[in-house]
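Questions regarding the structure given below will be posed in turn.
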Amino acid sequence: MTGPKIIFFILAAAIVVFSILSIFSRRILRAAIYLLFVLVAMAGLYYMMNFQFLAAVQLMLYAGGIVVLIIFSILLTSQIDSKLQAPKGSHLLAGGITAIAGIALSAITILQFTFKPSQENAVGTDMRTIGLQLMNTDVQGYALPFEVISVLLLAALVGSIFIAQKKKV
Amino acid sequence: MNLQAEIPLDYMIVLSTIVFFVGLMGVLIRRNLITMLMGIELMLNAVNINFVAFNHYLFPNRLEGHFFALIVMAIAAAEAAIAIALIINIYRQFNTVSVDDVDELKY
Amino acid sequence: MNPLLILLIIPLLTIVGIAFVKDLTKVRLVSAIGMSGQLIFSFILLYLFYQQRNTGNTDDMLFVSTTMWYEAFNIQLKFGIDGISMAMIMLTSIVTFAGIFASWQVEHLPKEFFISLIILAGGVFGFFISLDLFTMFLFYEMAVIPMYLLIGLWGSGPKEYSAMKLTLMLMGGSALLMVGLLGIYFNSAPDGGRLTYDLTEIAKVNIPLAAQLFFFPFTFIGFGVLGAMFPFHTWSPDGHASAPTAVSMLHAGVLMKLGGYGCFRVAMYLLPEAAHELAWIFITLTSISVVYGAFGAIWQKDLKYINAYSSVSHCGLVLFALLMMNETATTGAILQMISHGLMTALFFALIGMIYGRTHTRMINEMGGLMKVIPFLSVIYVIAGLASLGLPGLSGFVAEMTIFVGAFQHTDMFHRMATIVAISSIVITAVYILRVVGTLLLGPITNNHYLDLKDAQWFEKISGVTLVIAIAIIGLTPFWLSDLIREPLAQMIQTLTN
Amino acid sequence: MNYSYTILILLLPVLIFLFIGLMGDKMKPQLSGLLGTSGLFVITLLSYFTAFNFFDHRVDESFQAIEVFQLLWLRFTDSLIIHIGILLDPLSVMMLVVITTVSLMVHIYSLGYMKGEKGFARYYAFLSLFTFSMLGLVLATNIFQMYIFWELVGVSSYLLIGFYYERPSAVAAAKKAFIVTRFADLGFLIGILILSFYTNTFDFIALTDLNGLAITQPTTAVFMGLSVTTWAMLLIFMGGAGKSAMFPLHIWLPDAMEGPTPVSALIHAATMVVAGVYLVARLFPLYSYTSPDSLEVIAYIGSFTSLFAAIIACTQLDIKRVLAFSTLSQIGYMMVALGVSGYGAEGLGYMASLFHLFTHAFFKALLFLGAGSVIHAVHSNLMTDMGGLKKYMPITHITFLIACLTIAGIPPLSGFFSKDEILVAAFEHNKIIFAVQWLVAGITAFYMFRLYFNIFWNHTPEYHHTPHESPATMTIPLIFLALASVFSGFVPFHDLVTSDGNPLHTEFHWMIAGPSILIAVIGISVAYMLYAKKNSKPESIATSLKGFYNMAYHKFYIDEVYLFITHKVIFYFISRPVAWFDRHIVDGTMNLIGNTTVYFSGAIKKMQSGQMQWYIWYFTSGVLLLVFLVMYLN
């Protein structure tokens, strides 16, 4: 059992356990916190895979942004100690069957398939390379999606402000 | 760090599958809009794991998966922003965030 | 330009014309002018047709023009007519003409009414001149759809129900039909080569027997639903009872003929071996249809129901004769289509006119109308006599041709079916005379009827046109019979080999 | 000899019909009557001229059939073609004379009888239509043309019976007549179809040619124990039996008396009802050579009908009904004569039958017109309302008496000769039938004189206004027809109208004539004893024979049987179930399909719950299922 493996299993276990906790927890704030843990653990996973920038973004954007947003909205819409109602039996059954069947189906399929690891040389994942590619319009450039995303974000920003604003009338 | 020898790609993908379906289950069983949103976030993240893992294991000479994950995150942010705006609006309208009670559009 | 296109252009222009005029009078005027034009053009077309034949043009189809419409599926706009289509075109234009005058008094949304009516007629014209299965189907649908609006909006009684029933059953029929047509299409080139919808091309091809046997029932029943074949006829009584006058006229007079025409032109002509194999089933069904419709009519009290059941009987005779698959019987079938088209249109026109006066269609509530509205009553008697097959009127010619033709089969089954079908002439006499007796003759049952006015000029035009057509066919049947027979020899040859 | 003018005989009446029919409302009623009558007068002259020409030209001692012209009307197959044409042979020419004569008389008579009636023009239009159809029928060159005019005759009869269309009984009678004959025509039509299929021709000349295929090579096909030809001939006879009101298709004729009396005289006594006889006579070689069995059937049916009708006639009170039953009885005679006849030299019955048809037309028309004259004076149809009229209506009385004597078969009036020939023919062929016919002759004499004494003798009831003799337009036809009844017996019929066109050698048999005169006299005497003066003997006889009398009075309940069959069985047991079946089973099935669809859509609609989570669930389950199917079930 090597170090990376141990780390991976710890991270994986954290992700699975906390995600399950997050959806089954009946206290909504706790659920949000469990979600936070999941996201942080994922950042660790990214880090393991040598994507430091992505891990950082994950931490900042999800942990720092979205989860905070969620917590805010929780605070806005419910009492802090209110408990969620328990899920309905039929929903639980249907969801459970689907989830388990899906996991089983996917896992079996995945495990039957042999992936051939690449023998190519890895490119660097330092900020410079990322930055250059992000702003590039060449074959390996992502300027266009970047711009599109920025427009999308702007639109989302405007949209959410518009939706969330109090009606004048 | 060379992960390929240590952890096979399969592990990553199975992990992401589990997270995805747990997220899906969250969407299916919870009635609270916010928890459903959280489920969706879980699903998005599961997908992100896939992107990143495939990039890392199969195409280390490129960064497509990486950028896709970035874009997904950006979209997730936008989605969360709008979703929460909607949730707040719904809360104002119906004074609840339970999907069961929001059924004005039902036939 | 192909003269046949004018048949489509005139209705189109009329619709445009109606759309641009304002008040009711002008709407009527434009429709009347348009359909008179159509009628006149049909006569010109008949003249051109004979001219072509006289100059020695012996092609199966005259005035053929082909335009590729949708290359990928080889759908063409192919038009052309032979004697049978020519006869059907004449029928359609006469009935449409009479129908316009019969609906002179429509005041609720007249513009929309006349537009729908003319779309319907246009669809029928298109159907009869098409030689491409796909466009044929297209025009068929074009004729069926306006029906829903016409019955649903301008009908009477439980009109929504009837409109729904009629449209759904006809749509069900066209769904079957679509399956059949696609089946024919995909088997149209068994030896490889380009698949085609072209009717004349497919006729030259030998479709494999298995495919024929599979798709024949779809095609035949698909058209048979429209031809009111037992047991798919029940849209007819309800639909007709609720439909406004002109719609009943067009529908029973012309649209139901699409069924018979399609059964012959498409189902039997293109799938001849299957037609031979399966004929016995449909002969049984249609001979039931003939007698059943007639018996059904005896018990009815509503004039329109009586006529609808009588249509079931008469249209059953059409399909019955077609299935006999010889020249004489088939000629009779086409004659019967025309004759029944005119008769039943006349009936529905008269029923509409009588209903407009007495506000009831129940025969037991009326009586002695002959005294107060002699013109309409006399026309009604003539229509009735035509319907029960009086010599000198069209029904006799058609029925006799059918019976003589059907009797050419020597085996027991065909003979018995024929005798069953013949027996309908007595039953027909029973219900026709019953209606004439109770409705027109006898003492007047209601004193309000003494104030009724006889036919107005437009009603007279409508009625007299149809009576003249019926009488001309009845008195000089040979030209029409020869016109129809001319393309049949070759078609029957295909059928019997 | 050029007969092309005969086309006028057919054209004129139809033109008159169209003219009066379309213009009748616009002109004076009397004018349309005169127009119709004068038109018919021309036709009558043309017919006489034709007859004169025709019978004047023998070829080798015999008459040949002449097809004057043939117009193509409709082509069924290459050999089965309907022509409209004119065929002249002794039979049709004889009929031509009978029809035009009686029709002319009726036209003239109606000028007086129908005067002032509403629909006078319509009446004449219909009369012209009838004359046209009847002439077309007898002049037909082929069996299908005959069928065409056969139907037209039926319709004209329908229109004329229902002339008083505001009277429900008239409407019902018209309907009944039409439907019964229509039913018979069904057989006729099927018979034509069978016959034409095997002989491949409609043409009379080809059909009845002794050397033709139809006769020399009749089909050998057999159906249910009888040869197909016999079936065809019997079915054709069914058509004839319907029109000629043979038992059991006779029920329409008595009711048909609802029509105006001149119409009864024309259609239901003299012309249309003998169409059946004409039909059998027309196809006689076929009957005689290919299916003698059917001739036997015809003879027995004719004989039974004549007896049956004669018995009923003794009990009826409505004078027109008595005459109607007597018509039935007399047509029965004609049928018997045809049935017992042979062909050629043995064709006495054939000749006798047509001879009787000829004479019967005159005296029966005379009886009806006389009865009409009486009804016109008394305004009632019932003989109980009449009596002692001989002093008020001398002309009617004398002519009626002549007619009664004629029909009773008193020499030297025409009826004696024709009936005698029939009895001779029957005697030679079948003794039983002869005996029945002989008896019927007596009954005939009895009921005719019962009628006569009841009308003109007996006691005189109280009349509202004194009856008076009819106007000249009515009495002239009576006188003319009386003369015809007296003298038509002297026409050398056996020279003119025979089965093969050759003159027939006939002898006079006192052996047969004697007893027939005797029984006629007995009949008349019995009638005199019972009815010449008012007395109670008729009632006492009726009471002593109560059961039988009632049966006969109610026409042996045949009408009721029919009513039961048509109304109860067909209406209630076929039509009504069919209508029910259609509404509930067929339509119900269609509605069931519709309702099932609606039901399922309702069930599916519940899935559209608006709960998004279920939608997601359906979606993911669907995806998973698809994945599973694609990946693992291939």
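Chains: A, B, C and D, in written order; residue numbering restarts at 1 for each.
Quick note on the criterion: a residue touches a chain if its C-beta (ideal position, glycine included) is under 8 Å from a C-beta of that chain, and two chains touch if they have at least 3 such contacts.
None of these values were measured; they are calculated from a predicted model.
Asker: Measuring centre to centre with C-alpha atoms, which chain is farthest from chain D?
Answerer: Max centre-to-centre separation from chain D belongs to A.
Asker: Tell me which of B-D and C-D has more C-beta pairs in contact.
Answerer: C-D
Asker: I'd like the Å distance between the centres of chain B and chain D, where a centre is the mean of that chain's Cα atoms.
Answerer: About 96 Å separates the centre of chain B from that of chain D.
Asker: Could you put a whole-Å number on the gap between the CA centroids of chain C and chain D?
Answerer: Spacing between the chain centres: roughly 37 Å.
Asker: Rounded to a whole Å, what is the gap between the Cα centroids of chain B and chain C?
Answerer: Those two chain centres are 63 Å apart.
Asker: Centroid of chain A to centroid of chain D, CA atoms only: how many Å?
Answerer: Each chain reduced to its C-alpha mean, chain A and chain D end up 101 Å apart.
Asker: Out of chain A, which residues touch more than one other chain, so two or more?
Answerer: Counting only residues that touch two or more other chains, chain A contributes 91, 94-95, 98, 102.
Asker: Note the residues in chain B that touch 2 or more other chains, in rising order.
Answerer: Those would be 24, 28-29, 31.
Asker: Which chain C residues touch at least two other chains?
Answerer: Within chain C, no residue touches at least two other chains.
Asker: Going by the touch rule stated at the top, which chains touch which?
Answerer: A-B, A-D, B-D, C-D
Asker: Show which residues of chain D lie in contact with chain C when the two form their complex.
Answerer: Touching chain C: residues 72-77, 80, 144, 147-149, 151-152, 155, 158, 162, 165-168, 171-172, 174-175, 178-179, 182-183, 185-186, 189-190, 193-194, 196-197, 570-571, 574-576, 578-579, 582, 586-587, 589-590, 594 of chain D.
Asker: Of all residues in chain A, which touch chain D in the complex?
Answerer: 91, 94-95, 98, 101-102, 105, 109
Asker: Residues of chain D touching chain B in their complex?
Answerer: Touch residues, chain D against chain B: 605, 608-613, 616-617, 620.
Asker: Show me the residue ranges of chain B that touch chain A in the complex, using the header's touch definition.
Answerer: These residues of chain B touch chain A: 1, 3-4, 6-15, 17-26, 28-32, 34-35, 37-39, 41-42, 45, 48-49, 52-53, 56-63, 66-67, 69-71, 73-82, 84-89, 91-92, 97-98.
Asker: Provide the residue numbers of chain C that touch chain D in the complex, in ascending order.
Answerer: 165, 168-169, 230-231, 233-235, 237-238, 292, 295-296, 298-300, 309, 327-328, 368, 370-371, 385, 388-392, 396-397, 400-401, 403-405, 407-408, 410, 418-419, 422-423, 425-426, 429-430, 433-434, 437, 440-444, 476-478, 481-482, 485
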